[in-house]
Structures are given as structure tokens and as C-alpha cells.
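Note that chain A is present in both complexes that follow, paired respectively with chain B and with chain C.
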Partner chain A sequence: MIHTLFQNEWRALLRDGRGIVLLVVGALVALVATWTSASTDSRHDLAQDAAMQAARTAWNERQVDSAHGRAHYGDFVFRPSGPLSKLDSGLQAVTGRVVYTEAHRQNDAVHKPQQASASLLRYDRLEPSTVLQLLAPLVLVLAGFGIVSSERESGRLRLLWISGVRALPLMVAKTMALWTLGAALCVLVVGAHVLFADAVDLGRTTAFLAVHLATLWIVAALVTGASAWARRSGTAAALLLSLWVLGAIVLPRLAAMTAAAMDPLPSRDAFQAAMQEDREQGLDGHNPSDARRLKVEQEVLAEYGVESRDELPVNLGGLIMQADEEYGAQVWDRHFGDLEQHLERQYALAGGFSFLNPLQATNRLSMAIAGTGLASHLEFLRQTEGYRRELVRKLNYEDAHGVERNEEGRMRRTTTKEFYTSFAAFEYEPLTLGDLLGRRVADQIALATWLLGACAFVLFTARHLDRRGVL
Partner chain B sequence: MIELEDVVMEYPGHRALDRLRLSVSAGRVYGLLGPNGAGKSTTINLVTGLLRPTSGSIRVDGIDAVAEPERARGALAYVSESVALYPFLSGIENLQLFSRLAGRHLDVGESSACLLRAGLQADAHHRRIGTYSKGMRQKVGLAIALAKEAKAIVLDEPSAGLDPSASHDLAERVRELAGNGLAVLMATHDLFRARETCDTVGLLVRGVLRAEWDASEVKDRDLEAAYLDLVTEGASNAAGAASA
Partner chain C sequence: MIRAAVGLELRNLLRSPLRLIVLALVLGAGCFVVVQGQEDVDRWQEAIETGQTEAEESLAEVRGYFAAGEPGPADRSWVDLTQPRWQDYYAATRLARTPAPLAGIAFASAEAGAVTMRLTRSSDPLLATGNKIENPALAAAGGLDLVTVLTLLIPLLVLALGLEIGGYERAAGVLPLVRVQSGRDRAWIWARCLAVGLIAAAAGLVLTLLAAFVAGAGLGDVLPLALLVLAYVAAWTALLGAVALVAHNPSHGAVALGAAWIVLCVLIPAIAVERAAALAADDFALDLTVEARDAGAALAALDDEALYAGLWARFPALQEQTPERRETGRRAAREGMRIVGLEQRMAQREQRAQAQADLVAGTSLASPAVAFTHAVERLAGRGPEATRAFRHAIAAAAAERMQLYIAASWSGATLDAEDFERLVAATPDSVAPPPSAWWRELLILVTWTLGLVGLATFLSRRTPGG
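== the complex of A and B ==
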């Protein structure tokens, strides 16, 4: 019976002008989104590859300067696009993928796509995740608001009932028919991605597909249930469109605003002022009169058993720079660690709204799976800082030890071009799918709860229909 | 057959049916007359299992429709005033769909034969229902009943909105169904058609079966005058009871 009813729903969708329009428009938008996202991402990747090459060439070809000078010259660190960033660019538009690393400073990302954008809206870029998380639910609402109510209004529900149709198979068949409409869009989007992508991460792609298919099942169940409860199709349409606006537009903003109000982050200026204050209690490698610098100098002289810096076999400046760097790293670890915890706390607070809004749970899981969410960005910043420290440590070591004294006792640098060209470029190690999903357990629980709730809603509505709803 | 015994149906503050007793045997057509609000639709909803009575028993083909509504529905077919079919399907497709849902698989030949028996011309079988007249839709409804091999059929205002020719045609089909052994319960406002079609006519006024005439009585009597007398009397009684 479910099969017959399911077939009939699809026949209705295909023969009904509205169904065809929604299918064709939905498929077109899905394909355009996939294609534009893939081409934008590919263009961005090509530009980034070129920039990486240029930065590497500039680093390698630069005249042999002092290691200290090179530490200040710095290096650009590039984050490759996430494994599924063509499907969901997530926070990358806001967080950026390029960081300028230099001695003594931990910089923010630069060249953020959002800076070049005319809009700060979430919908600025039409990409597959937007289609699946916002447009596909809307398509299901438009295709399905009358899926049961129109049967009641026309009197067909009564005829179906007398023909022996029970409410549960009817509800299941209609939910499945609606879901397969969304699933078709989903498979189309992911299939097109697989076709356009250079390489496919099967695990992530499967997880991405599963999360979106689950969400569309939830939406299909809600639409079918609401249509069964509503006395009129117009009422069902008004209710479902309101729910869509709430889930797609209002609640995500409310979640972010609530989290920010409950646990506000320090402003960028306050964060940097606090860092600076702590930093000033360290030692200034550039200020010879600094008392703390003198203390390190005394320790180095004692270590080498000499009276003055002119007798040292090493460049004192390099050692002081490294000591300063290590102190700066401690300050950064403390402040950035706090900030990171704060961000995660705030993100978790906003995540509470996933239990109110399945679209939010999906959005967060989608970004996590695509490797474009907060956890991936924080991991990128951690790896960037690790790379920066190692770079600066090597340069400071070279600055201290890459010297020799001539007969007059004057110090001469021995650093070669090969030393600089031996530096490996930064390579980002993305978090594994397991790591990422392990950090988004609450969102998975929220989605699973919604999934079970949606199934329970279908069962409950079927019982309601069995009792009286057919009239 | 269809049997209702002492059926009471109460809504909050309102008794829609009061100890209704009626019986429709196999091969007979029972016409249920009554003004608006008399309880005809409630009776039909009870027989088709869409409502449960407050008390009393309802049997369809010997099956207790209150205790086993699904089994009872298996023996029952229903044709409403405006048969609600799927407009995007053809007559044959609608028949095949509803038959399949009722557990019977008809091929195109069987479906066509069924539609022809119900009086639908062959050239309409493959046209979409959206292009059908009301009378044609009702014939598909009758074909669904035939295909289901139902033991009883309930018709709710079947002739409403039909032209005299279509109404006559429908009446003939209904008689044929009864001739095939089906028990037919027909709610109608159409006194003329009731007189022409029914073996028994019951008059329901304010939930009470006020009169029941068999075919010979119906033919001999001025049905309209009797109807108006009983309906007016029922209204006066109700007004008296309310003022008392």
C-alpha cells in the first residue's frame, strides 16, 4: 500500500505543474550553485596557488639578509580550501585563509572574501549548502503544504479511507514522496560536486549527504504532519512558511545574538591591549636599555664564561630575540587559549538552539564535515602559530649562531642562501572527520533528536487521522 | 446488507441521531430523505466508519462496523455528491489506483470493462479526470464500487447538480448495482429521484426517523406533501420542546 501511495504522489508531482516547476527550478538552482561554487573555489585555489608560489619564490630569491631581518620579512601561510569547501564554504568567507607570519607578532587572517563582499548576509554566496539547507526545505514546503490537507478538502481522504487506506501508510508514503523530492535535489548537488571535484573524500561526502538527507526527512515529516493537522491548505502554507522563516532566518541570528549577549567576547582592541600589557612585562629585544634584556645578557655571559658581549662566540641579539619570542609565545598561549575557549563556549551556547532548529544543527554539522567550521579555523590558527614559532626559532638560532669572529674580533655572518631555501613551506593538516564530529556531538544529538521527533510526529499524526482527522 | 440499531450520536450539547434503526437488505435501495441538519451526513459517516456512535450498533454485511471498522469498510463502497478523484489521472488510472488500494489489481482490460459497466463511454477512459463532468466522475465512483466487489454502497447526494438525463442515467446504474445484489443506502434531497429509484424511503427529521415507506407506498402517495408535513411537524415539536 505504501508503495502504491508513494507512486501516486510522485505521479502527482510529475503531472502537476507546480511539482514540475519546483523540480526544474530546484534542479537548475542546485546545478548553478554547484557549478558557481566549484568555479569560484577553483579560481580562488588557482589564485592562492599562484600567491603561494610567488611568496615562496620571493622568500627563496631574496638577497641573503640577516636572519633577524628575514624574521621581520616574514612569510605568508596559506590554508588550502577544505575538502568539501565547494559544497559548504562555512566560515571561510569571514575567517579568511591567508595569515602573514612574522617575528614577535601573531597576526589575523588577511584577504578575507567577506571584506570584498557587498553584503554581510549569510546568503551572499549561492552555494550547494545554501541550496540544501535553505532552498530545499522551502521547495518541500511549497510542494507539500497541501499534501494531506488538499486530500481532505477535496474529499479524497474519505474515499482513500473507505478504499482501505490506513493513516500510517498514507503519512509514511506522503512523507517519503516529499523526502525523495528533497533527496533528489541533494543527490543532484552532491553528484554534481563529485563530477566537478578534482578529488573526492568519500567519507566526508557520505557524511555530508547523510546529514542533509536526515534534515530533509525531518522537514518532509514536519510538512506532511502540519498539512495533516491543518484544516485548510492555506493554513498549512502560512504555518509552514512561518516556520521556514523562523528556522532559516530568525533563529540562527537569535542564536548568535543570544550567545554573544550571554557570554560576550572581548573586543579586538581589548584583546590586543591585554596582550600588549602582558607582553610588556617580558623583554624587548630591540631596546638595549631594557632591564630584563640586561638580565638575559648577564646569564648568557655567565654561560659562556666571558666578561663582555664582544667576547661571546654567538650573537647575543639572536638569543635575546628568542627569549623574547618564547615569552611572547607564553603570553599568546594564555590569551589565545582563553579566547579559543571563549569562542568554543559561545559556539556551544549558540548550539543549544540546534535543539530548537534542525536547520541550525545541519548548518553546523555541514561546516564541520566540510572542514570549514570554527574548529577547523582554530586548528588552522594553531598550526599557523606552530609554523611561525618554528620559523622564528630557526631564524633566531641562525641569528645567534650563524656568525664567526675574524682576527680583529669583529663578528661576521655565515648564513647562506641554502639556509633560507631549506625552509619547507607551511602545510596545513586538516582535522580528521572523526575529530570534527567528535567536537560536534551536541549538534549530532540535536539532529538525531529531531529525526526521532519527526518520526514520532508522523506516528502521532497518523493516530490523530485514524481517529477523526479524515473529516 | 446495512443495519443500524438504536444508533445514538451525540455531540456536546446536541443529539444528532436519536435511536436510529434502519435496515438495507442486499439487492435493495434505501433512500434517506431529510432537510439540512436532519442527520443524513452523520448517518453516512457512521456507516462508513468515519464516526463512532455514542451508542447502538452498526453492521455492514454482518460485520460490526463499530468494533471492526476496517473489515466493515472492506465490504463497503462510497460515492459522494462530487466524487473526489485525482484530476491528474485518467478514469482508468483512478480506478486502478483505488482498486489496488482496496487490494484488487485490475489490468487495463478489466478496468475498461468495469468502467463500461458503470456507464462510462470508452472514449473517456484514458482522458484525465480533470476533463470529466460530474456525472462521469460519479460513474468512475460506481466503477470503483464494482471493482471492489463491495457488498454495500453508500451514496451521498449522488444526483445533486446533475442534469435530468445524467440523474436518470445514475438512477439506472444504481438500480443495476442493487440488481447485482448490493445493498444501497442513498442520502438525497431529490424526492423525485428517490421515488423512482428506491425500494424504501426513510424520512429523517432532527435525528429521528419519522417515517419509512416501501416502494408501493411511495409510488401511491404524494411524497412531497408527506415530506413537508413531517418536516414542519418536526420543527413545531422542536420549537415546543424548546419553549417548554
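== the complex of A and C ==
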């Protein structure tokens, strides 16, 4: 019976001009969004490759300088797009694209080119994830607000009742019909992505598809249920559109604002002042009269069994710089580590709203799967810092040991161009899907709860209809 | 008729819990974000005050050295405050970006430029960052401030209050009665829409006045915002009228209004954001990073003739002075040429940013929501224009410092406390937000209103029973 009812629903949907228009417009928007997003992402990747190449060429072709001078010259790391950023660009518009890696400092990612259109950044981008998370639910709302109520208004429900149709198969068939409309858009978007993409990550793509299909089932069930409970189609339309606005526009902003207000971040001045204070307890590699530096100097002299730095077979400056770096690393780990935890804490706090809003849970899971969410951004910064430390460590080692003394005891650098050209460029290793989903367990629970709740709602509504004989 | 319609809509509002909830939500959210906005402005002021305190402490330290006849701090033997470079370094005054009177209304703006900057001859405005550490995951949600409430929720209030206008009259067969009693049914529908518009405008104005009161803004600051709010509500009221005049039933009206809101407030801006992402896709700021870093090496390769020609072209006043021919003099000249490089980079950046600005301007024509957002963000001094003005002020102040530094370096004279005070006095301490041009957006909103009224009139004449 469900199959027959399902077929009837689809026939009705296609007969209704509104259904055809929604399907065609939805499909068109989905295809355009997928194509433009893929094209933008490809340009981003090409530009990122070019930027990396430019930085590498500058590094390799620079005249041979001192290793410490090279550590100050530094290197640039350019943020790659996530593994599935063509489907969901996540936080990319609001995170910096470039990190300057240099001696003595851990820098933030800077340069957000879209800030010049700040007024627009309040709005969502038209990309596949937006189509599936905002527009597809809307298509379901517009296609389905009268899916039960209009049948009641026209008296067709009573006819079905007389023909022996029960409420549960009817509700399930109607929900499935609506869901397949959304699922068609979903498959279209993901299918187009698979066609446009150079390489497809099957695991991530499947997870992305599954999360969105689950969300669209929740929406379809809510729309069918609300339509069954509403006395008039107009009421159902108003209620469902209000819920859509709440879930798609208001609640995500309110969640972000609540998290920021409940657990505010320190100001940049306060953060840097606290870090500077701790940093000053360490060495000052550039200050020859610094007491802590003199202590390290004494230790090195003792280690090599010599009386003065002129007798050392190594360059003391390089060793002191590395000791300073290692102390700085402890300070940065503590302060940036605290900041990272603070960011995660805020994000988790905002995540509480996922239990109120399934669209938010989907959004957060979608970004995680695409590798463009907060965890991926923080991982990129962590890997960049790891790259910086290794770069500076190698340069400091060379600064200390890449020397020899001539017969007169004068120190001469032996660093060659090959030493610099042997450095490997930064390569970002994205977090695995398992890692990313492991960090978003609460969102998965929220979505699963919504999924079960939506099924229970359909069941409850069907029983209510049967009991009251509304059919 | 208007009075009767206003009375009816007010009674409808009071009778309907759903409508009251929507109104309470809009006003409640508005009040909440006004308070949050003011807290954000307080933090802005605090950042400026912290910067000023640090600057004053640094200046007091240097004055102490001069008074004691010391060249600088005892633990930094290489510092000599009689030299131009150290005077410049220690005269670390702050240039503050003063918040606009209504800055709090747009505190969730994506533009989070620096609000204060330490000034030396080598200050780079392109590297200035704001005092706010942002959680990107929260920033990406879009932010909720008064601009968002007015842009997205006030139209929804218009829609929620006027959802059934026209459609209900037609479905219930009330229109013939109205025609018999008052002569024209179209006038009645317009009167009801106007009444809804008045209620929404009142809600918008209450929030505007509250924001102005909390911020202590004057009439001159509030008036443009109030006009924009009225024009924005008028555009949505006209849209409500256009739908109400042709809606066959409330369901038809609800879908049409919902679809219009979604197209104007979600779809068109989303297409524009996608375009903005495409415009920015290939921008990895090589000019600000790799190329800027290596520009120093190119300057070192310049011969004296080219070096001084370039320097004098930028700093004509320095031509009156004979350049120091030793390496120190050339180093100062090369540093001066960095300002030229900085200004070129800024000009390039502004050219790139112009494409994004043009996109916003173009989208403003297509969506009253974007036009309103853009105008109000500018009124709040939170738009890219304000950041650009601050950057220019930093660059100008750094160039002024650079000129003094080069002149002092070339003169070879030993500097004293008076020179230091002259250097401090020559540096500005604050930049006011640039005057905001909001007329264009007001005109766009008025044009939308008139266009929609015209469309409504045209459609209603073609609709049977309209």
C-alpha cells in the first residue's frame, strides 16, 4: 500500500505546477552552485600551488646568507582547501590564508581577501552545502506544507479513509515522497561533484551524502507532520516557513552569539601581553648582556671544556637561539594551547543548539566531513607551527655547527646553497574522517536524536489521526 | 480608512499569540543585541585606552632617560636615544581609530580591522590586525547584531503580521462587502498593509532610538539610520501590498511572501557571496608576502641616482637637504623607499578590493536587504571604507615619521629631548571614521518601494476581482 500511495504522491507532485517549478528551480540552483563552487575551488587550488611555488623559488634562489638571517627571512605557508571544500567551504571565508613562519615568533594566519565585501559575509555562500542545508529543506517546506492539510481541506482524506487507507502508511508514503524530492537534489549535487571533481574521496563523499539524506528525512517528516496537525494549509505554510527561518537563519547566529557572550575570548592585547610576560622570563637571544643568556653560555663553555667563546668549535649564537626557541615553544604551547581549547569550548557550547536545530548539527558535521571546520583549521595551524619549529631548529643547528675556525681562530661559515635548497616545503596532512567525526560526537548524537524524534513524530501523528478519525 | 485598518491590525496583533510572539522576539532580540553592541564598543574604547597608556608609559620612560642624561635603558647598551632610529622606536605613540557614534549596531560585521596601531616609521598598515580574537567557527555563522535584526527580522515581522492580508479577504469573500461599504477594495488592502508597515516601522524605530540612547548618539547620527529603517520597512510594505493585491488565499500569500523574503534576503546575497569567493579565489597576497619581503633586496641593488630620484619624488622636502653619502645615509634613503613600496602595495590592494566593493554595490541594486546592510554598516563606521581610511592615516603618519627620520639621519646631528618631543607632537593620535555616504542606498530603497507599488497597481488591475 505504501508503494501505491508513494507513487500517487509523486504523481500529484508532478501534476501540481508548484512541484515541477520547485524541482526544476531546485535542480538548476543545485547544479549551478556545484559548478561555480568547483570552479572557484579549482582556481583556489591553482593559486595556492602558484603561491607555494613562488615562496619556494624565493627561498631557493636567495643568495646564501647566515642560517639565522634565513630564519628571520622566514617562509610563507599558504592554507590549502579542505579535501571536500568543493561541497562545503566551511570557515574558509573567515580564516586567514597565509601564515608567516619565522624565528622567535608564532604568527597567526592572516589575509582574508573577502573582507572587502564585509556586508556580504553576513550571508551564506551559494555552494552545494548551502543548497542542501538551507534551500533543499525550503523546497521540501514549499512543496509539502499542504501535503496533508490540503487533502483534508479538499475532502480527499475522507475518501482515502473510506477506501481503507490507514494513517501510518499514508504518513510514511507522504514523508517518503517528500524525502525523495530532497534526496533527488542531494544525489544531483553529489553526483555533479563526482563528475566535476578531479579526485573523489569516496568515504567523505558517502558520509556527506548520508548526513544530508538523514537531515532531509527529518525535514520531510516534520513538514508532513506539521501539515497533518495544521487545520489550514496557510497555517502550515506560516508555521513551517517560520521554523525554517528560525533553524536556517536565527538559531545559528544566536548560538554563535550565546557562546561568545557566555565564554568570551580575551582581547588580542591581553593575550599578547600575557604571552609576552611569560616570554620575557626566558632568554633574549639578541641581548648579549642578558643574564639568562650568560648562564647558557657558561653551560656551553663547560660542555666543550673551554674558557672563552673564541675557543668554541661551534657558534654560540646558534645554540642560544635554539635554547630561546625551545623556551618560547613552551610559552606558545601554553598560551596558544589555552586559546585553542577556548575556541573548542566555545564551539562545543554553540553545539548545544544542535539539539534544538538539526540544520546546525548538519552544518557542523558537513564542515567536519569536508575538512573545512574548526578542527581542520586548528590542525592546519598546529602543523604550520610544527613546520616552523623544525625549520628554525634546522637553521639554528646549522647556525651553531655550520662553521669552522681557520688557523688564526677566526670563525667562518660553511653553509652552502644546497643546505637551503634541501628544505622540503610545507605539506598539509588533513585529519582523517574518523578523527574529524570523533570530535563531533555530540553533533552526531543530536542528529540521531532528531532522526529518531522525526520518525516518532510521524508515528505519533499517524496514531493521533487514526484515534481521532480525522481521516 | 487608515485609522480603521490600524485599529484592526492592532486588534489582530493583540488577539494573536503567534503575532505577539514574533513581535516580542524581534524586540527582545533587538534589545539584547543593542546591549551586546555597546559592550563591544566599550571593549573597543578599552583597547584604545590600553594603547594610549602603553604609549604614555613608553614616552615617560624616554623622558626619564633624557632627564637623567642616560642614552637609554641600562640593560640595552646598544640603544642610544640621541640617534634618529631609536628616537623613532621609542616614540611609539598609538594611532587610534575612533568608533563611530553608532558603531555598536554593526558589531558582528565581518570587517574586524585594527582599532589602534603603534606608530613607527616602519608601521605597516596592511599587517594591522584588530584587537578582537575571533573564533572563526562562530564568525562564520554570520553574527547577530542590530543590523541583522533590522535586515532579516523586521521584514519577517512585516510578513508575519500581514501574511493573510488580501488572500484572506478573497478566500472568505469579504472583498465584495468592502467594495460596497467603502467603495474600493484595493484601497482597503493597501490601508491594511500600511497599518502593518506602521507597526513594523514603530518596532524598527524603537530599536533605533534605543541603540542611539545606549550609545549616546546625537540626532544627526540617528536621523540617517531612522530614514533608512523607514525606507526599508516601506519597501517591504510595498512588497506585502503587491502580494496581498494578487493573493488568491492566505496559503498563496504565505508562499509568495516567504519566497520573496528568501530570494531577497538569502538567495541573491548567497549568489553574491559565491561571486565574492570566486573573485578572491586566486588571491594569496603574494604582493604582501613573498614579493614585499624580497622588495628589500631589490632596493639594495638600486644605484644612488635611482635611489635618490625615487626618494625625492615621494619626499620633495628632502631635496633641500644634502643626502648623507655614507652607507648610513643610503640606508635611510632605502628605508624611505619602503614607504613608496608600501603605498604601491596599498594601491594594488585597493584595486583588488574595488572588485569586491563593486560587487556589493551591484548586489545592493538587486536586493534591498543588501542595500540596507551596506548602508547601515557604513553608518556604523564598520565597513571596509573605515578600515581603508585608518590604513591611509597609518601610512601617512608612518611616511611623516620616515621623512623626519631621514632628515635627522642625513643631518648627522645628535638629537635631544626637544627633538623627541617634536617627533611625538608631529604624530597624530586618532582618526575619525570617514563620513558615510548613505544616500545611494536610501535612493535604492525608495526606488524599490516605488517600483513595487507600481507593480502592485499593475498586477491588481490585471487580476480578476482585484
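Following the convention adopted for this analysis, the second predicted complex is superposed on the first by the 455 of 471 C-alpha atoms of A that agree within 3 Å, B and C clash if a C-alpha of one lies under 4 Å from a C-alpha of the other, contacts with A are read in each partner's own complex, and residues count from 1 in each chain.
Assume a contact is a pair of C-beta atoms (placed from the backbone, for glycine too) under 8 Å apart; a residue touches a chain by one contact, two chains touch by 3 or more.
On a predicted model such as this, the values are computed, not experimentally measured, just so you know.
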| item | value |
| --- | --- |
| Fit-or-clash call for chain B and chain C when the two complexes are aligned on chain A | fit |
| Partner chain in contact with A:S85 - chain B first, chain C second, else both or neither | neither |
| Which of chain B and chain C A:D269 touches, first, second, both or neither | second |
| Touched partner set for A:T175, first chain B, second chain C, both or neither | neither |
| Comparing the two partners chain B and chain C, which touches a greater set of residues in chain A | C |
| First (chain B), second (chain C), both or neither touched by A:L46 | second |
| Touched partner set for A:A261, first chain B, second chain C, both or neither | second |
| First, second, both or neither for A:L5, with chain B first and chain C second | first |
| Which of chain B and chain C A:I162 touches, first, second, both or neither | first |
| Smallest separation in angstrom, by C-alpha atoms, between chain B and chain C in the superposition | 17 |
| Chain B and chain C footprints on chain A, overlapping residues | none |
| Chain A residues within the chain B interface of the complex | 1, 4-5, 8, 11-12, 15-16, 154-156, 158-166, 470-471 |
| Residue numbers on chain B that touch chain A, as the complex places them | 45, 48-51, 70, 73-74, 76-78, 80, 82-86, 88-89, 97-98, 100-103, 141, 144, 148 |
| Touching residues (chain side chain C, partner chain A) in the complex | 18, 22, 29, 33, 36, 43, 46-47, 50-51, 75-77, 108-112, 127, 129-144, 147-148, 151-153, 156, 160, 163-164, 167, 249-251, 253-255, 258-259, 261-262, 266-267, 269-274, 276-286, 288-290, 293-294, 297, 352-353, 356-357, 359-360, 363, 370, 373-374, 377, 382-384, 387 |
| Contacting residues of chain A [partner chain C, same complex] | 18, 29, 33, 36-37, 39-41, 43-44, 46-48, 50-51, 54-55, 58, 62, 73-74, 76, 78, 89-91, 93-95, 97-98, 100, 108, 110-111, 113-127, 130, 134-135, 138, 142, 145-146, 232-234, 237-238, 241-242, 245, 248-250, 252-257, 259-261, 265-269, 271, 287, 289-290, 339, 343, 346-347, 350, 373-374, 377 |
